[in-house]
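Next, two complexes with subunit A in common: one pairs it with subunit B, the other with subunit C.
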Partner chain A sequence: MELNDAVLDHLRRVAALPDLTGTRYELESEIGRGGMGVVYAARDRQLDRRVALKVVDSALAGEARLIARLEHPGIVPIYETGTLPDGRVFYAMKLVAGARLDHYMAGAPSLGERLRVLRRIGEALSFAHARGVIHRDLKPQNVMVGGFGEIYVMDWGVEAVAGTPAFRGPDAHLDRLSDIYSLGAMLQFMLADSAPRALLAIAAKAMREDPAARYPDAPAFLADIERFQEGLGVEAWSEPIWHRLRRFTSRNAVLLWLLAAYAGVKFLLFFLKIL
Partner chain B sequence: MNKILVGLVFGLILGAIDGATAWFTPEVRPAIAGIMVGSSIKGMIVGLFSGWFARRVHSTTWGIVLGAALGLLFAFLVALMQHDHYLAIMLPGFVVGAIIGFLTQRMGVQEPAKV
Partner chain C sequence: MLKRSALDPDTTMGGPHGQFPSTQLSLLEAAGSGDTLPNEALERVSALYWKPVYRFIRVKFRKNNEDAKDLTQSFFAAALQRDLFARFDPAKASFRTYLRMAVERFAASQHASASRQKRGGGVEFEPVEEYVAAAESPEEVFEREWQRQLFALALDDLRAHCEARGKQLQFEIFEAYDLADGDRPSYAELAARHGVAEAAVTNYLAWARRMLRQFVTERLRGVTAGERDLRGEMRRVWS
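Here is the complex of A and B:
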């Protein structure tokens, strides 16, 4: 039998498939490859449900367990970790039904919805940072938007991962501030060209080349987003006076209309009396 | 500051300012102090009801509607006592009531519902 390239590729793929003998999982199909390893769809025979099974190198076992300890609504829950006969480590996690953020964005969601998604991502990041875990590879491909609007940040990074160029800052050493840069890049990605200046300024501040000039942490970034949503001035942009005035009038439009109505009524009565 | 207090404070201030505008009407100028006091009390009553309403219903639109209606009602009662100046009392009273209704919705602390 002749071994052509297609046959060799097939054999390589089959050989790389994880041997799940002795586990409760049954392999279904490969669903993705990330910096850390390969993700498969599998069936949990014991609980009769589908799960996502991530298989990583044994060197990453410790960090995989660290990520597994992150319990947050914005982080995909890990059900179980284990070791395969070939020494590789696997962890079973919730199989999220939904769309990847880059695909979700193709549906042109409203600005409010984009900011809701970004805030959920920021909250997950903030939670992980507080527990000493950094993502290292935050990008739209690593965020899932579930069918109920829930947001999951996936593929939490380990030392081996160096980030994705478009979403990675110039930092030589990846740390929390590198994640802030990526968060800013995500915001920029999620905004249209005609986005409000204040939001573009927030993204720009998060993406400053000098890490010290960025937001010091995710909560500070989120606070600026919240300020924008509440119609307040943002820390990232010292807006011109005319813009501040416009923001004030749009924020207090009803009150200004009522005051104008009062002044109008008084003037009307005054002139009616003269006439 | 709770919403009833917001209503009372703004009712007092706006009522006093509204009463003070009577200064522009020379024939009632001598009675301006009484007008200001009466207008302040009227504003405070509207503020009290608007604040009470704002604690129960969180809606700017309905706050404005109720405030305007109360402002109109109490201004009508005041005008009825004067037997005159119906338009000059009721029209500004209506708008001041709307402003108080708006402010009680937007300002002050929304107290948690009792369980």
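Here is the complex of A and C:
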């Protein structure tokens, strides 16, 4: 049987469609695909609501269920998991209405907003790491910014080999520190060229080639971001003295103005006494 | 050959859960402890790869139809003599990649040898009009033909399965809709044409597609070296 390209493409698409007979879901359309599986928009007939339905290989069933147990505001909630007649595993999850992070960034949000988003991502990562789950493919395309500003980290990877080149480190074996590299790459992606040196240094430290030279975990990375936001020196950058002075004056401007005013008054009184 | 009796029986709503039973040995299993692959495994390999290899040689080395056929035939013969398939190491690459690289080396050496025999040593390329306009690289052509042949074989399996099980109607509906070259009939038209309910058309199509997927998986299993290689190839097919 000779197949032309159009028929072949059609067959590849339809033969991959999940057979949802016997489930409560009705397939609507494909909304994305990655190394781990394909995501479809579907309708839950019982609850009359739209859901995202992710279909993955049966070999990934165990890890998919492990991910489904992660309950965190930054991780898309899983409603149900099940097995299709062909053995593949599906899980129904919240269909997030919002913008993918790379699209969201096109709207040029403020630095403060970018850091808020990054911190939410880091918190979700930290939570998952503490439960033995690593992402393996952290990138802007896998983060959604919801309509209420909520952040969802999606597509938790379960592949033995995964990662998107621009956001994947040189590590041969992917572990938590590989996620830290990707988090640094995300920060770098979210910063403008004119970003503060301290932030660029944080990204660079997270992206060190040697995993041991990176932040040891997500909380350490987040702590450095927090130090920057509070006007403190960051661990990733030993800043020059003039920069430290400038940061000190900026952070203690009110106190310095008061001191200057006090000194000025004393100076004036001293001269008045002489006269 | 596929053990058709072991295939997934007809499924009703929801169908039996669990994986499609494996009926084909992987390449490594087929090789067993011996040094060479049994004929059955070799047949599976050549059934799937003959056309991709032929097309690859035509595009990469610009051979005419007959030369490309001869070269393809020579490659498979040489592969058997030299136990090429048995020397495949799944830790280094997928079998598909290994085979393509082996073809490339073999054809390049044959091509160079033929060129040396020509007076003056000049290389003469045959025009291959059908590929001149193609933007695809030889590697992409190989990949595409591999997918095409994989589905063609799986469709043969599906057709035979339907005939053996008295499911010609399901296959006819599937053929009319999913194999249509051009405008597809609506489900309602198909239902009227075959005198069944529209819901039955939906179910028959879902069943046939699921079976096709299973036959594709089985065909892949026969030419891959274990689960990891199989998963990788499945990703190539479905992504």
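Quick note on the criterion: the second predicted complex is superposed on the first by the 262 of 275 C-alpha atoms of A that agree within 3 Å, B and C clash if a C-alpha of one lies under 4 Å from a C-alpha of the other, contacts with A are read in each partner's own complex, and residues count from 1 in each chain.
We adopt the following convention: a contact is a pair of C-beta atoms (placed from the backbone, for glycine too) under 8 Å apart; a residue touches a chain by one contact, two chains touch by 3 or more.
From a predicted model like this one, the values you see are computed outputs, not experimental measurements.
If you count the residues of subunit A touched by subunit B and by subunit C, you find the higher number for C. Of the two partner chains placed by the overlay, only subunit B lies in contact with A:266; subunit C stays clear of it.
In the superposed model, A:192 lies in contact with neither subunit B nor subunit C.
When both complexes are overlaid on chain A, the residue A:22 reaches subunit C alone and has no touch with subunit B. When both complexes are overlaid on chain A, the residue A:255 reaches subunit B alone and has no touch with subunit C.
Once the two complexes are laid over each other on the shared chain, residue contacts for A:33 go to subunit C alone; subunit B is not touched.
When both complexes are overlaid on chain A, the residue A:241 reaches neither subunit B nor subunit C. Once chain A of one complex is fitted onto chain A of the other, the partner contacts of A:86 are limited to subunit C, with no touch recorded for subunit B. Applying the stated contact rule after C-alpha superposition, one finds that A:8 touches subunit C and leaves subunit B untouched. In the superposition on chain A, the residues of subunit A contacted by subunit B and by subunit C do not overlap at all.
Residue ranges of subunit A in contact with subunit C, taken from their complex: 1-8, 10-12, 14-17, 19, 21-23, 33, 35, 38, 57-59, 83-87, 160.
Here subunit C touches subunit A in the complex through residues 11, 13-20, 144, 147-148, 151-152, 155-156, 178-181, 203, 205-207, 209-210, 212-214, 216, 227-228, 231, 234-235, 237-239, going by the rule given at the top. Those residues of subunit A whose C-beta lies close enough to touch subunit B in the complex are 254-255, 258-259, 261-262, 265-266, 268-270, 272-273.
The residues of subunit B lying in touch with subunit A in their complex are 21, 24-25, 60, 64, 87-88, 91-92, 95-96, 98-99, 102-103, 106.
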